[in-house]
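For reference, the structures are reproduced in the following blocks.
The following pair of complexes shares a single chain, chain A, combined with chain B in the former and chain C in the latter.
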Partner chain A sequence: MFKNNLKYEIKLLIRSHWLTILLVSVLLLFTFATFNGQKNVEKRLSDITKVENELHKKDSVMVTTLKKIEKGEKIDGPYWRLPSEPMTIGYRHPRLAIMKPETFSFLATGQSDMYTHFKSPTVYGNNFALDYSEMVNPVQLLFGNFDLAFVIIYILPLLIIAFTFNVLSKEKELGTLRLLSAQPISTVNWVLQKMLIRYIVFTGVILLILLTMFAVFSKGIFSDIGTLAGLLIIISGYILFWFVLSCIVNIKLNNSSKNALALIGFWLLIVLVLPATINQLGSTLYPTPSRLKMINEIRLIKKENEEKQNEIMSEYLRNHPELAQESNQDKFGFWHNYFASEKVMEEKTKPLLAQYETQLRKQQKLVSVFQFLSPAILMQQSLNKIAGTSENHYNDYKKQVFEFSNEWRNYLVPMLFKQQKFTIKNYNELPQFSYKNRVPNKIWFSIGVILLISCIIFFAFIGGSLRDKSVQKLLN
Partner chain B sequence: MITIQNITKKYGDFTAVNNLSFNVKEGEILCLLGANGAGKSTTINMLLNFTNPSSGTAEINGLDVVKNPIKTKEFLTYIPENLMLYPTLTAIENLDYFTKLSGKKFDTSELQLYLTEAGLQEEAHNKRVKTFSKGMRQKVGIALAIAKESKVLLLDEPTSGLDPKSSNEFMELLTKMKNEGVAILMATHDLFRAKEVSTHIGIMCSGVLENHLNTPEVSLKELETIYLDIMNFKNVS
Partner chain C sequence: MIHVIFKELKELARDGRFKIVIGISLILLVIATITGVNQYQKNNEQYINSVAKERSIWETQGAKNPHSAAHYGTYAFKPQFALSLFDYGVTKYTGNSIFLEAHSRNEASFSEASDQTSLARFGTLSINFVLIYLFPLIIILIGYNSYTKEKEHQTFRLLKSQGVHPVKLALGKWFAIYIPIFCLTLIVFLLLGIVLSNLENLAFFSWNSLLILFVLYALYYLIVTTLTVLISMWSKSSGMSLVSSLVIWILFSFISPKVATNFANKNNPYPSKSEFNTRIAEDKKNGLDGHNPWNKAAKKLEEETLKEYGVDSISQLPFNYAGYRMQKGEEHEAKIYEKHYAILNDIAIQQNSTYKKLAFLSPFIPVRFLSMDIANTSDNLHWKFTKAAEEYRIKKQAFLNNDIKDNSKLGDWNYKMSAQRFKELPKFSFTPPKLSNLLTENKESLVFLGFWLLLPFITMIWASKKI
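Let's look at the complex of A and B:
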């Protein structure tokens, strides 16, 4: 029966022009989305290249000046602008901490349009930390621009609904169902085969167009076959979920208008209402403290520190005897005081930042727990992870920048206290940042979850119908 | 071939078919006559397992239709009042699709032969069914019965809405199939056609088989009188 159904279902789809409509609409949507995604990546790369070029220019001027100083030439300008001063390097010549786009970044904008991809952590403060602590709505963070992820998550389900909402009810309304039901076949099996064929055709068209888009716009992704296979499978799994839902509605309701309404209702619930509700739940259960209040408190702590500068410096040197021994404390200036009080600042602001971070983390954790309720959230998170633009990626990038910032300081601050000069040799030894994608994409886990959800709802709602050989429920 | 014993179908308090029993053997045509709502279509629906009887049994080729809903359909072809086929497929493609669903496989020339045998003109074989008249679609249904070598033919008012010529052609096909040993059960309002084609006539009223006649033993005039008497009596009572 399957071969027969396959042959005639495809014939019917071609003659009703459905395949043409599907091909054209998917081609247009995917082309626009891939183009958009690629443009975002290009913009990101161009911004990065721009700052890299600026750094190179600045570095070459700095190296030339350093060479002159090392040759004993006199340099005009105040001493605190000379590159031979470690703090001039630490403050005015920071290294770039760049997060370059991943091979699959064009797939999902994710959070890439909300966060920066390059930072220049200086020795002066960790102010950039606040940039990352921007109060963001974790669900809003999940959804990005008109990119492939948007088309796959939001628009494909609508195409599936249009493609499948009346698979059975149309037969009933056309009158062919009575003739079909008078044949020696299980009508439920026949419907399932019809749905399976449409699933194969639909998924085939989607994957084919997707691969064509990749070949045209981003050949590089063919080098990572494992992730590419995972991506194609998870898309097939997401399509399967919507087909299963449509299958259930077809068999249970079997009325074209009711089917369409029910499926649109599910679409609204799964891709819009559930994510919004989860977001609301997150901010209600775990409200984040006011950012303004936090900045004010940090300022107050700074002021307090300035008043107790001597006390703080003594405490700092007690804790760092290695710096105290080699220092000439009479020559201590702004930077010495700053680093001494920085530690105190850090200690005092830690609980504030920690509270902020904890609440955000709890909100995000809630989203990841509830992702299993809505395959749309699961899918968005998976695509963001494959693209390297997920919340986790930016959190990890932030962590790597912090680590690098400490490395940067630890290289330069001892030079300040030991009153050492910065040389060409030091320049060549300067710590460099190199971003590593340390976030596992867990694509196979997500695939497993989507397939499991599809199987559970399939057997829970139409498992009984599979055993029922009568056609009465379908005809009435 | 078709055996119905004490079959009753109730929808809540309403009894659609009440304690109905009859047989249709090979080479017989039983025409069920009756007004709308008499229970003719419900009887056919029970034989097709489209609805389950409340009590009693219905058998096709010795098999209970409730216990063997799929197996019994191997032996029968059903032609409803308005046979609907896939409009964008041709007559041959429709026939090919439905015969394959029945587990039979024929090449194009064989399918053409069946359509010709059913009276469909050759030039219509490769035309899309959306252009077909009701009579032409009924012929595709008959071709399906011939191709399936059905032992049982269930017809639900197949000639209503057909022009006299098409109706006549259809009756000729039924007679031919009857002569080939097919057991035919036909629900109809048409006394004239029933008298012309059937071997037995059952007159149903309010779900009850009021009269079961051997067709050759009654004239058309007598049949009409019996039919009207039953209808009038039931309406008065």
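Let's look at the complex of A and C:
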């Protein structure tokens, strides 16, 4: 019977032009989206190349001057601009901390349009409270990008709805349902078989086109077969969820326009209303303290700090006796003072800044609970994580930059206090930043969740119908 | 025609689906209003506190060298506009405070979105969210089968045979779809107005803006209604009609804006922050015109000043030249910033005009832009705010530098401005543009809306005669 069903279903799909419409629309959408994603990655890379070139230019000038100094030539300009001074290097020639795109970055813009991908932490200045936002037209952030994640999360479900909303109800409306129920297969099984066939065809088309896109636009991702497989499976899982939902609506409502309305209602709820409401709830339940308040508080600390500076300095020197070389104390009073007060600022603002992280983590927790409720949220989080553009990635990048800024400072500040000059040799052994993707994408967990959700709703709503062989309910 | 309207409305009133949908929308509206009001009050309170605190920090810094005070700086805060609780616009992405210090113009920092999870990118539930995304769906729900049901129940011939004028029939159905949504919108806006006018410390609330917003949304619903009726006329079955209307809705509200983003970005890309800063630094080094750096210009200034006062050394000048030069330097730098921010603003305007031009694909876009602009939550307003803050910064610098110039002696770096004098710096204030100005600025969007109103309507009238 299944073979029969399969044969006729495929014939039907081909003859009804559905397959052609599906192929063309998916091809168009995916091409445009992949192309855009790739363009965004290219822009990111070209921005990175620009700053790298800028740094190289600056470095080569610096190295030439260093060489001259080492040869003993006289250099014009004030003492604090000479690259032989460690503080000049530390402040005027910082290294770049670059966050390169991942292989899968073209998949989802995520938060990448909001944040910068390179930062140059300096030896002094507020490295703990750097602003990572990128220059961008806020309207773009509001409307969002047309990327693969958008097509997968928003549009695929709609295609599925259009593809399946009247599988059973059409038979009823055409009057062929009675004929069907006379066949040696239970009608529910028949619907399920039909849906299964459609699911396989639909998923096959999507995955095939997706793989073609990858082959054309981004061959690199074939080197990471594990993640690629995970990606394809989670997309299949998301498609499955919508098919299951459509199955339920088909069997339970069994009226074409009611089906369509109910499915659109679910789509709205899952893709639009739930995420928007949860986001609003998250920021109401766990509000991050106002940044305005933070500004006020930091300013007050700064003011207090200035007043207490002398006191602070001696305290700091007590903690760092190795820096307090007697003969140089006057000369380096300024730097001692500076680093000391900065250290105090950092210590005092730490709890203030930690609040933001705690609240954000709480919001994230809320989201991870609610992703069980809306697979669209689950998909967004997973795709962003695969693409390396989730907020976790950017938070971790901030942490890595901060760690690097300490490394940078620890390399140069001791030189200052030991009265060492910066040389070419030092230049060659300067600490370098390299970004590591330390955020696990947990894709197999997400796949598990989405399959579990699909199974649960399937058995909860259709489980009964599977045993009930009568078609009376369906006919009414 | 009246009969047609009554018949349709009665049918609608008896339809359970309509009640459910209205119920859900109203619940969402209530949630949006409560959270919106809450958030607004919290933010507004914070704004008022911050302004007061920052001012007191400024005023109580004690006797200080004016230039140290200039480096210590102060903040300009963006007011929380009343209608921002209706439409959040881009406020989440712009940040609402700008640090004003000597020598550099800063960006507004700390956007709310960077303190939220990426869920924020799905959108935030607000009153405007319900009105702009969900209400059009209600219209589609009411109207998708307005013609197809007559065809499916075979009552269309019956209607024709009764001599109903096809245009009257079309208009009747059109009104019947529009009236419920119009009433609903009216109630929403009235209630919103009442809620707003009962809030304390409301900044810049005007009933006029609210009225224009109401008209705007009412017009948008008119467009959607016309399109829905038109699609229903042309469709063979209710299912097809529903699907087509939904496709149009998705095209309008999701696909076109996103496509526009990609176009805008491709045609007029923003520089990265570091690229932008490098260009400014270069101009600072080489001078605005590339061959007149500040140290050269400063020399020229010195010569000119000496000549003007007929003296031969700056110590003979009747004022402290250091303060004068510092101010001129500040003005010189401010011009560099102005140039680069003007370029940036130009890119933003070009980008937004790409969006607005794509309004021929979707009436959603002009409505979105107008709504933000009227609610004072657009990026247009943000630009105005940053410009006002910069003007204030320059004034503040002049106030401090002139104090050095007039009250201190050359070379006296220990000079301190009296604690009292800090209070004399005028406060920063920002008034949003007038409604009429906003509407003139959005002329293009209004024209597009006009087209969207007329063309489908004329087509509908014409098509009604053909079926």
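Everything below uses one rule, namely that the second predicted complex is superposed on the first by the 455 of 476 C-alpha atoms of A that agree within 3 Å, B and C clash if a C-alpha of one lies under 4 Å from a C-alpha of the other, contacts with A are read in each partner's own complex, and residues count from 1 in each chain.
The working rule: contacts are C-beta pairs under 8 Å (C-beta built on N, C-alpha and C of every residue); 3 or more make two chains touch, one makes a residue touch a chain.
Predicted model, so just to flag it, every value in this text is computed and none were measured.
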Next item on the list: Could you tell me if A:L158 is touching chain B, chain C, both of them or neither one (first, second, both, neither)?
Entry: second
Notebook entry, point to check: A:L12 contacts which: chain B (first), chain C (second), both, neither?
Noted result: first
Notebook entry, point to check: Just chain B (first), just chain C (second), both, or neither: which does A:N4 touch?
Noted result: first
Notebook entry, point to check: Is A:I424 touching the first partner chain B, the second partner chain C, both, or neither of them?
Noted result: neither
Next item on the list: With the two complexes superposed on chain A, say which partner A:V63 touches: chain B (first), chain C (second), both, or neither.
Entry: neither
Next item on the list: Figure out whether A:C455 sits in contact with chain B (first) or chain C (second), or with both, or with neither.
Entry: neither
Next item on the list: Give the label of whichever partner, chain B or chain C, reaches more residues of chain A.
Entry: C
Next item on the list: Mind working out whether A:L272 is in touch with chain B, chain C, both or neither, as first, second, both or neither?
Entry: second
Check: What is the contact status of A:T116 with respect to chain B (first) and chain C (second): first, second, both, or neither?
Finding: second
Checklist line | Footprint of chain A on chain C - complex, ascending | finding: 17, 28, 31-32, 35, 38-39, 42-43, 46-47, 49-50, 53-54, 57, 61, 72, 75, 77, 89-90, 93-97, 99, 107, 109-126, 129, 133-134, 137, 141, 145, 238-239, 242-243, 246, 250, 254-255, 257-262, 264-266, 269-276, 278, 344, 347-348, 351-352, 355, 379, 382
Notebook entry, point to check: Can you list the residues on chain A that touch chain C in the complex?
Noted result: 32, 36, 39-40, 43, 47, 50-51, 54, 110-111, 114-116, 118, 120, 131-146, 150, 154-155, 158, 162, 165-166, 256-257, 260-261, 264, 268, 271-273, 275-284, 287-288, 290-296, 299-300, 302-303, 356, 359-360, 363-364, 367, 376-377, 380-381, 384, 390-391
Next item on the list: Spell out the part of chain A that touches chain B in their complex, as residue ranges.
Entry: 1, 4, 8, 11-12, 15-16, 174-176, 178-186, 190, 469-472, 475
Margin query: Residue numbers of chain B touching chain A in their complex, please.
Written below: 48-52, 69-71, 73-74, 76-78, 80, 82-89, 93, 97-98, 100-103, 141, 154
